[in-house]
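The block underneath contains the structure these notes are about, expressed in structure tokens.
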Amino acid sequence: MTDAAIEEVPAEPAPPEEAFGALVTWSRGQRVLHPTRETYLATVEALRDAGFIMCVDVCAVDYLLAKHGRALPVGIEAERFEVVANFINPAERSRIRTRVQVPESDPTCPSLWPLHAGTEGPEREAFDLFGITFDGHPDMTRILMPENWQGHPLRKDYAMGRIPVQFKGAPSS
Amino acid sequence: MGDPLYTDGIGVAVVLITLLKVLVTFAFTLIATMFMVWFERKIIADMQHRIGPNRAGPWGLLQTLADGTKLFFKEDLLPNKADRRIFRLAPILAVVPAFLAFAIIPLGGNFDTGDGTVSIFGHRTYLQLADPPVGVLFFLAMSAIGVYGVMLAGWSSGSKYPLLGSVRATAQIVSYEAALGLSVAAVLLVSRSLSTHGIVSSQADRFVIDWNLVVTGVVPAVIFLIAGTAELNRPPFDLVEAEQELVGGFNTEYSSIRFAMFFLAEFMNTVTMSALIVTMFLGGPSGPTFGPDWLRAWILPLFWFFLKLVIFLFTFVWFRGTLPRLRYDQLMDLGWKALIPISLGWLLLLATIRVAQAEGWPVPIAMAIAIAVLLVGAGLLSLSLKAARRNREADAGAYA
Amino acid sequence: MTAVETPAETIDYHARLRSGRGVLRMSEVEAAQHGDKLADENDETMLMNMGPQHPSTHGVLRLMLELRGEQVMRSKPILGYLHTGMEKTAEDLTYLQGPTNVTRMDYASPLFNELVFSMAVEELLGIEVPERAQWIRMLMCELNRMSSHLLFQATNGMDIGAVSVMIYGWRDREEMLRLFEKITGLRMNHNYIRPGGVAADLPDGWRDDLLRIFDTLPEHLEDLDTLLTGQPIWRERLQGVGMISTQEALDLGATGPILRSTGYAWDLRRELPYLRYDQVDFDVVVGTFGDCFDRYAIRLNEIRESMKIVYQILEKLPKGDYKALDRKVTPPPRARIDESMEALIHHFKIYTEGFKVPEGEVYVAVESPRGELGCYLVSDGTSKPYRMHIRGPSFVNLQCLPHMMADSLIADTVAIISSVDPIMGEVDR
Amino acid sequence: MLLAADFPPEVTASWYLVLGAVLFTIGAVGLLVRRNPLVMFMCVELMLNAVNLTFVSFARALGDLGGQVVVFFVMVVAAAEVVVGLAIVVSVLRRRPGATADDIAMLKG
Amino acid sequence: MAPPLPKALLDDGLAGLQHNVLTGQLENLVQWARARSLWPATFGLACCAIEMMAAGGAHYDLSRFGMEVFRASPRQADLMIVAGRVSQKMAPVLRQIYDQMMEPKWVLSMGVCASSGGMFNNYAIVQGVDQVVPVDVYAPGCPPGPETLLHAIITIHEKITSGEILQRRSEGAGPLVIEQRDGQTERGVRIGTAR
Amino acid sequence: MPELITFILAGLIVLAGALGVVLLRHPVHAALSLVATLFGVAVLFVAQEAHFLAAVQVIVYAGAIVVLFLFVIMLLGVDEAEDLSIEPLTGQRPVAIISGVCILGLSLAALFFAGGATGAKGTSGTPMGGAENITELGRLLFTDYAFAFEATAILLTIAVIGAVLLARRPPGEVLADAGSEETATPKAGQEPEVVS
């Protein structure tokens, strides 16, 4: 295989494409919307009205240590966190994805819960593992980790937590 | 009437024979229980294409002994929140009635050509520990006392799952006691006796044809079997200890010998219930006999009794291997809306026939009238049930 | 300001209990403080804890139930007792090691985890997987779907109290596992589907073994029909229990048999085909009422549909390579290492530092036995994923529990949990 | 009579009647002393049982089965009484947990 | 004047009694019973739980050993099969269940995750359940097949038949202290006090 | 002799149970004491050859009535022992004790000074042991006492209906406070409850 084959398909050239009130990029054949935190809910609502009635997933990414440039459209500032949501339009059998930039200084993001009740669990998970608070979520508590846990394990500055295996009978330090 | 052993005054021999009978009955119930546990595990295993216990003793026969010994030597526990006295009392309350109830079961005796007695040391006696004139009622009384074991065990444990289990147990047993009693009444109606010996005697004339199973028209026997299964808390009515719902139900907090006592009581009750069904509906130890007196009086009746007993033990195991568990409200519905009305109606029908026979009325006409009346009653009942369901749904709809 | 830091006493329990029908808004810590007390002094409800060690919570699911008598007023699933940190671990493993990690998520259908991860990596790499590998993947996944649904039949039967069905389900699944062991080398957690293809070609005699299983399976499924489908108690227990409407299911993000049980024919194999599902003929089984019985029946019939697919695969399975021949991605055959220096180097490179994957992000989903199993993969151009997120169908489906359980009885909760068929390894990851 | 000189003494009807009287007294005192409506019900049952015992003793002493028939009716009535009484207790306690018998005065409306 | 009790008896209770023919026979009986009636607690965690259940199925049939009686209530169980990875959140629960079990009790650590954390050496997983409860037998494998589990169970049977019947296991594990794994450094923080 | 032993043992059980009902603070303990009393009374019935009544005593009283008591206690969770220190009417307890002594004294006086059990022999039948007792009892119930029998049947029916009506939750009460206003799927724009 040549390098060209695995190189990313170049994004559509300017002028920037816009749909559902958000800028659009393409990634591996999938349409990706880039709403800001302010336009996020409006975009998702527009999506829902356009037939994207299934919100299958919400997750977060921590780009703290990312050395690569992200495929973001012009006008969208790269921040440390990103909240990614995936939607399906069952009628058109198509998928679409939104990526919202969430700054480290203020890790909050509007919750999709009022629009898609099914995002309750995934958003709690993102809160638990990344510390991103979702405004409007009914139950913003830890879901996977114990409630008294310190820190958010999936952040890049949170170490793996690997410890040397302690065998039975070995002298403990 | 009554056991001929006690009619000619009470001497040393009579006391000894009675003691012997106590001993034998006690040993028998224990061994039967052990056998029942093994039997159940083996049969279930066979139904599920497995082998079943085979390590403890030959064919795993000593499995129950191993379980019992292990439990006996296990640490006991008294939960902090438990009501100490009652927590200790409950297993005893469960196990004692289970033992006592077996006392009224006629195990043998020649009913074919004789009067159901055997001869021990020159004394004629029944082959049953006791034959009170209210024998069947005695059984019902004992099963009523047996409720306390389950109920108090759950309550005294002081935690939630056992409490739910005991609330279920209470409601379940009280509800099914009614259906049980009504089907017993049908038997009493045709047997004209409350004593178990009398009930067996009344069925002994002709093989199968004179059995109450046939004489009462199968329905009471079926209802007794269903209600009896519920009374025993066995699947599909084992909501009391439904493992998937209530962890262990009433016995969740019990360990060691106290748990073993519940275990024992459960299986002993199963044996007793089967024996009672055999006594009431299948003619107990009666059956065709032949040969010398010892064969007629001792061997063949016992054989018949055990044959019939094992059939019902197998039926109970079969239920466990096949049927899913009912839900609590469905159980109550079955008891109150199906079993009790049916057994009541059937009892009335049987009574009509008896009255018609006694008074010399034409039986078919009386029966037809009775059936018509009962059908009207059933129609009214189903109408009211429908109305109740409609109301309930309307209520639920209003608040959904 | 997060909820965790909020002092517990400032939270109005009652207001939180009341919000949302069927949803108990109460954190575990608060619930623990409530202890054995009644939830509300003026009310007759009581809070009960079900799990995490409870025989019918399918592992370590924990439920807080607010009960009035035996009636469940509100409920809340509490997760995390099996949280394994797999998403974090994945960031530390190369792409080749990835399937080893993800396969342990949904341990009832491990091949789907491997499949979705491999597909995501392939999508990022932009490589073509050989035709035979695609068909083998499909074959294995359908077999896995059957074994997973058999597992469901077993546990569902057990939960409703039909103990024999439990053993029957295991019996048939065991035959399936033995076939898996022959093909992949392992009974579970196979690590068989890898980026670029599958780990090994099908072994000799696999077809006969498969057909032998298929000889007995339909009979055994009919046994289940006799024991369960036609059994009045079974129908009573499941019909009308845990109802959910299509709208609710869509809103809650439910997929798989739960969504299909409401009559909504949504199956990724049909709607957004992957592998070669567009070349096989099968029916999407749907229900009508969205109750536990529909979900049971759907799974039972999906076993039959999968058999249909497998028969077609047996016909159409092409010859060819079982993995991509790109030596930068897939290791060379063992024999080549002894002959070729280049092969040795490739082998060494792949197993020490792994292959590099171009930058980018991708979301790929497959239809697992429990619903849409998705994988969101972010690559920063190195040989390890920058971020891997798995969209576990059980995790999302579990959100339906409080809504299905509202106003049901305790016995129903068991049936409902069972009908959702959650695999906690995938829920907690 | 009660303390007959011969031993063992014959158990006459009076013995049972005395036992019944004592039982009745205990029940009556309990009814007046206890405040828990459930326990008060139980005390009523004690009194009814004392009466039952007396009836059966008289039935035997007088050779009249009518006494036993009356006991039968007493049991039925007791069952009816308990059913209704407990229903009232349940509906009161449901609204006011920990209510004592004095609170049942509120039934007067 | 009664002879003073032997010192051993005063120190150890019944365990200090010298064996004679009778207690020897009793001991054999008890060991025999315990080995043949080892009721496991229904305690499944992850992948291994599936294999544990498979071991109860028709092909492997744990019931041959009298072990099909999976007790949901820890009070009645003798054997805890820790089947699967133990998360930090689960560890206290696991310990609580162990404490709820009555003596004598045995623990079987099934699979590498339970035995040593397995491949999941990260913030979430307890690196070996022996840090929480004392383990008698470790079954290797990921997951161990039913045959491996059967072998482990037979090993436990041997351990039971060769062990002391009055020995308490309480010294096996100390009080449980779960500390949080340090997320900022790679330094290990002990979870639980092992022994 | 056997009757003496039976009487003494059963009498002790009866009295101990009765005292237990009055003195034990916990309602469940009191109920269990009541069972002991009922059982003792049943034994005394047997001693007086009223077998049928003894069986009915255990089945109805122990098997149904006390079970109902316990069921209510469990259902309502009336676990806490009652506070006997509160005296609703001043001097009620001493008066109760005094009146109790009076009742006892009066009845014993009536018993002894009137010369033991008196009365004329009835015409309804003679009690005897065994099965004849039951037959005779049945005959009496359905002939001489048929009206009373029917009356108690009606009484029972009324009691059951009354109990059902009393214990029934008024329909409006059911989910009135269950917060049903918020449905499973929140509508857009609806203000969800924020917890922080």
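Each chain carries a letter (A, B, C, D, E and F) given by its place in the written order, and its residues are counted from 1.
Here is the rule we go by: a residue touches a chain if its C-beta (ideal position, glycine included) is under 8 Å from a C-beta of that chain, and two chains touch if they have at least 3 such contacts.
Just so you know, these numbers come straight off a predicted model, no measurement behind them.
Each chain's centre was taken as the mean of its CA atoms, and the one lying most distant from chain A is D. Among the other chains, the CA centroid farthest from that of chain C is the one of D.
Of all chain pairs, the one linked by the most C-beta contacts is D-F. Separation between the centroids of chain A and chain F, computed from CA atoms only, is 67 Å.
With centres defined as mean CA coordinates, chain F is found 26 Å away from chain B. Chain geometry summary: the mean Cα position of chain B and that of chain C are 45 Å apart. Centroids built from CA atoms put chain E at 30 Å from chain C.
Annotation for chain D: residues touching 2 or more other chains are 94. Chain contacts: chain B has residues 48-50, 243, 247, 400 touching two or more partner chains. Within chain C, the positions touching two or more other chains are listed as 2-3, 19-20, 23, 25, 54-55, 80, 83, 85, 88-89, 167, 171, 251-252, 407, 428. By the touch rule above, chain D contacts chain F in their complex via residues 1-2, 8-9, 11-19, 21-30, 32-36, 38-39, 41-43, 45-46, 49, 52-53, 56-69, 71-73, 75-84, 86-91, 93-94, 97-98, 100, 102.
Chain C contributes residues 2-4, 19-20, 23, 25, 27-29, 79-80, 83, 85, 87-89, 92, 123-127, 250-255, 266, 271-272, 326, 328-329, 357-363, 365, 372, 374, 376, 378, 380-381, 386-387, 389, 391, 395-396, 398-399, 428-429 to its touches with chain A in the complex.
Across the complex, chain E is touched by residues 52-55, 59-60, 80-86, 88-89, 100-101, 104, 107-108, 151, 154, 167, 170-171, 173-174, 177, 187-189, 424-425, 428 of chain C. On the side of chain B, the complex with chain E involves touching residues 41, 45, 48-56, 60, 62-63, 65-71, 73-77, 243, 247-248, 251-256, 259. Within the complex, the chain F residues that touch chain D are 1, 3-4, 7, 11, 14-15, 18-19, 21-22, 27, 30-31, 34, 37-38, 41, 44-45, 47-50, 52-53, 56-57, 60-61, 64-65, 68-69, 72-73, 75-78, 80, 82, 84, 86, 88, 92-93, 95-97, 99-101, 103-104, 107-108, 111-112, 116-117, 119-127, 133, 136-137, 140-141, 144-145, 148-149, 152, 155-156, 158-160, 162-164, 166-167.
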